[in-house]
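Look for chain A in each of the two complexes below; its partner is chain B in the first and chain C in the second.
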Partner chain A sequence: MTVLSIAADLWRQAFARKWFLVLGAAVTLFLIGIALTLRLDVVDGALSGLRLFGRPTTVEITAVDVALRPIFKAAAIVIYYPFTLFLIALCAEFAPSLLAPGRIEHMLSLPVRRWELVLGTYLGVVGLSALFSLYGAGGLCLILGAKTGVLTLRPVFAALLGTVSFAAVYSAMVAAAVLARSATSSAGVGIALYFAGVLAGYRTSLASMIRAGLPRQAFEAVTSLLPRISALGTVASDIAGGRAVSTAHVAGLIVGFLAFAAAVLAAAVWGFERKDF
Partner chain B sequence: MYLAIEVHDIEKRYRTWRNRKGFCALDGVTLEVPRGVAFGLLGPNGAGKTTFIKVLLTVVRPQRGRVRVLGGDPEDPRIRARIGYLPERLDLPAHFTPVTFLASVSRLKHVLPVRDSILRLIHRVGLANDSGRKIGGFSKGMKQRLGLAAALIGQPDLLVLDEPTDGVDPMGRIEIRNLLSAELARGCTVFLNSHLLAETERVCSQVGIISAGRIVRQGSLAELCRAEGRWRVSFAPGADRERLAAAGFRAVGKEFLFAGDDLLALNRALDTARAAGAVIAEVRPDEKDLEQVMSEALTPAPVSLASPGASA
Partner chain C sequence: MGSVDHRSRRWPWLAAALALLLGGAWLMSRGERMPARQEVEVNMPRSMSPADRHRLSLRKRPPAFVVPRPAPDDPAPLPPPPQVRDPLLLAMPGTVKTVAIVVEANALRHSPVGELLLDCFMGAGEDNELSRLRSKTGLNVLEDLDRVAVADQTYLLSGRFADTQWAEVFPGMQAQSPSPNTRLWKGQDAAPPVVVWKNQIVIAGRSESEIMAAADRLEGRAPAIPPVIAENDSYGEVYGVVNSATIAGIFERDRPDLAARLKTITDQVKLHVDASHDVGIVADANGNDPAGALDLAKTLGGALALGRVAAQAKGNDDLAAFLDHASVRPSGSGSFRVELALPLDYVQAQLKDCPGRKPRPAGTK
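What follows is the complex of A and B.
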């Protein structure tokens, strides 16, 4: 219950900040723009015409669900990569501001356990990420569904995978904040892990480019510990694009990401429990 | 005797990677504060006052010693729910209004955030006209008042206040003092850490003085301020100073000091003074103010160069 109260307070703070309002407004404007300017002519379940801003675009007559796949795939990639990076920068301040001198003493004097504070902050931020991703992807699904009569939740699943990826990155950001109490350090660690995770997704092909022996073993050892962000990103875009993916592969990746997040968060709590403020 | 705070032989050392021995902020502090009193902790900068308060609230964990607050372990959230705390440097969420901030603290204290009671609290600390403003635009004094309101949520049994009137205007200080008096009357224990000695003197009935991480004086204000066997006497203008001096009165400014515990001796001296034509205006026990008490407590005793045990 206390964890949820802390997460809810974080949401209240987020929605009082102009950057989050700008983000919400930008996603909403994008959805309104799509709703007002995109016209899809559907005949017997096939896309026969497409108008964007009133201009007709030549399309081959194809089944609607097939025609929409590239759009959903593009949306999934946007949500998974640039949007996640934007969230890393946007959310970097939350944990350090909670740990700021004068704030943390007050929080710790309340009947709140230290792990509840860490977990509440973490869940609040990951929840925010899920909210914005689902709002964008869900809105796009609904609008295109209303225009074509074909409703699919594939982009929503892809957006959820984006949240899973962000959850792993944000756990490291929380740990950095506990250690250094700095938004810059937190954002730096987040961005570094994000790009390292992108490389880790290609670890097999990259390893073959590294000289055999100790350097390759070191690369493989380090990247084996990292969340494979690009691998999950590929899965997310494949799901959104309607390609078949192995359930076991997806489940394995998700479990790996969540295990990474849980381990790093546990380390953050361990450090937080021993820290004086 | 029911104790609000029991601290026994606390040691807190701040260590760094480079300095493993560290800096000793609290060095074997033992202190007991009875319930229902106002206790003031005094001391110079860096003496360990804030560290002591943080130990009480588990914000800082000591390496050694035992801490009990309100009869329990302060690590227990149920104990901390009965404590109201105002930190020295309060950083409040700038985007919140006082109402949303106090509602948030209420939820974390497991107190139902009823709007009416929150507004009453805001009114009580003198922020009624600013209840809808964002905290980011508040002055330091206003933030202190709001922090005090947060500390008062849930009618705590113990109020721990670290420099509560820092940045507060004189009228605000009076209001806060009245508020603390009301809390004391309710049965709350007040633990005050303030640099303002006059404020501590007005609010607190018990005082502890801490220096270099050690409690060097502790007791009731009356005990600490009493100067053993001295009386302060005022005579009406025109008294003969030489004859008063001969009777045993030492002039200190416009007043006179009479040294001695014996009341009969005092009366005899007063009779002599009256016989010499002096008119007595006032006789009272000579009491030190807190500034003197603190100054005496913090002044190191002179080291005797020729101590008996010293060998040549």
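What follows is the complex of A and C.
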């Protein structure tokens, strides 16, 4: 309960900030724009005409869900990559503000354990990421579902994978905040881990380009520990695009990401416990 | 003491972190070296490729019958040089009532789909009908035969038949030589007559006049007419034209409304199939009613989409995957194009339990 209270408190802080309101408004405007300007002509479950801003666009007459796959795929990629990067920058301040002088002493004077503080902050931010991803992807699914009569949740699953990816990155941002108490270093660690994770997704092909021996072994050892952000991104895009994915592979990636996040959070708690305030 | 207790409480966090990090690394590494699934990208035969053009250029020949040059003092202008043409297409009639289709038998036989079909229906052993035919007549169907064509009730084969003993192929039939390049095989009974032209093209049909007319076109004795399949349309592994009434017959029982509209709105359907890897099928329906064609295209698109949903609902994933690639593209000028694709994986799955497959002899690949 304490963890949830801390997360709820963080949500109150977030919605008081104008950047989060801007983000919410931008997603809402995008959804309203799609709802008002896109006209789809559907005959017996096949998309036979498309009008964007009143201009007819030549389309192949094909099954609606097949025709919408590129749109869902594009939405999944936008949510997974640029949106996650945007969230890293936007949420970098939360964890350092938790440890800000004055506030941390106040929090520790309450009957709250240190790990609850870390976990509450972490879950609050990851919950925000999930909320915005689900709002964007779910809204798009509902609007296109209402216009075509074909409802698919594939983009929502893809958006949730984006949240899993952000969860892994944000755990490292929390750990950085515990060590350095700086929003800049938290954001820096988040962005560095994000790009390192993108590279880690291609580690097997990249390793073959590195000289065999110690350098390659070192590269493989380091990247084996990192979340494979690009690999999960490919899975997200495949799910949104209607391609079959290996359940075992996806489950391994998701649990692996969550294990990485839990490991880094545990290290952050360990560091937090050692600090004197 | 209290400090020691506090410190000892911290280490489980670090131990858990290490264990989780290693566990996570192991989980994420699983399946990392699996080859990525390739996106199915079917090559749709929408137009003539450079390879198709090259193939056509290799086939083009001048007519066999050469008009004698006029005497040097003859004031009449020289006739234009004979036009080089694809002999098989040249032999085909100018119009058909039902269907004119050419199958690139040799290309198909060497395609992945052809290999699967051969394996399925002929088996891998040496002792099959084709090898018996080869030993008896010298005709190696798998290598000598290049193309098979059908124009209504006339059948044409092209290839290299120099080693074929035609008397063995047509037992009981007598050969005549209407021209130096042509052998006409006729039987006493109702067996259809056959023309063999330069050991390159075989023409069979119910009507002797029709097959002789085809031979005349090949020889250049008959006036040149545009063949029913234009040379520019000779691309893919299967190509041709089908009368819309013939296509409508497929839908007559289940969708009589659709069949009736097909007949009235479209004249004929041009068909192209590419089987070089996955099988791509393109059908161009031509008509002269733009509004009707658009309406028909929408109906066909809807029927394909409904078929896909029905296949998914019945758990027929193979059929649903096949219809995934189905689309209809109206042109807005009275014609529309239907595209279908058979991914090779789908064909393999369909032929997995082929009833015609014979057991392979031990030790063969």
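Heads up, the rule we're going with is that the second predicted complex is superposed on the first by the 277 of 277 C-alpha atoms of A that agree within 3 Å, B and C clash if a C-alpha of one lies under 4 Å from a C-alpha of the other, contacts with A are read in each partner's own complex, and residues count from 1 in each chain.
Simple rule for what comes next: a residue touches a chain if its C-beta (ideal position, glycine included) is under 8 Å from a C-beta of that chain, and two chains touch if they have at least 3 such contacts.
Here the structure is a predicted model, which means the values were calculated and not measured.
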Let's test your reading of the overlay: on chain A, do chain B and chain C clash or fit side by side? fit
Partner chain(s) touched by A:A74 [first = chain B, second = chain C, both, neither]: neither
Comparison of chain B and chain C by chain A residues contacted: C
Should A:G45 be classified as contacting the first partner (chain B), the second (chain C), both, or neither? second
What is the contact status of A:G256 with respect to chain B (first) and chain C (second): first, second, both, or neither? second
In the overlay, answer first, second, both or neither for which of chain B and chain C A:R243 touches. second
Kindly classify A:L110 by the partners it touches after superposition: chain B alone (first), chain C alone (second), both, or neither? first
Touching partner for A:I143 - first (chain B), second (chain C), both, neither: neither
Of the two partner chains, chain B (first) and chain C (second), which one does A:S5 touch, if any: first, second, both, or neither? first
Report the closest approach of chain B and chain C over their C-alpha atoms in the superposed model, as a whole number of Å. 6
For chain A, which residues lie in the overlap of the chain B contacts and the chain C contacts? 274
In the complex, go through chain C and note every residue touching chain A. 6, 9-11, 13-14, 16-21, 23-34, 37, 39, 297-306, 308-309, 323-324, 326-330, 339
Tell me, which parts of chain B touch chain A in their complex? 14, 54, 57-61, 77-78, 80-81, 83, 85, 87-93, 95-96, 100, 104-105, 107-110, 134, 147, 150, 160
Seen from chain A, its contact residues with chain B in the complex are 2, 5-6, 8-9, 12-13, 16-17, 100-113, 274, 276-277
Taking the complex as given, what residues does chain A use to touch chain C? 43-46, 48, 58, 60-64, 66, 115, 203-204, 224-225, 227-228, 231, 242-244, 246, 248-249, 252-253, 255-260, 262-264, 266-267, 269-270, 273-274
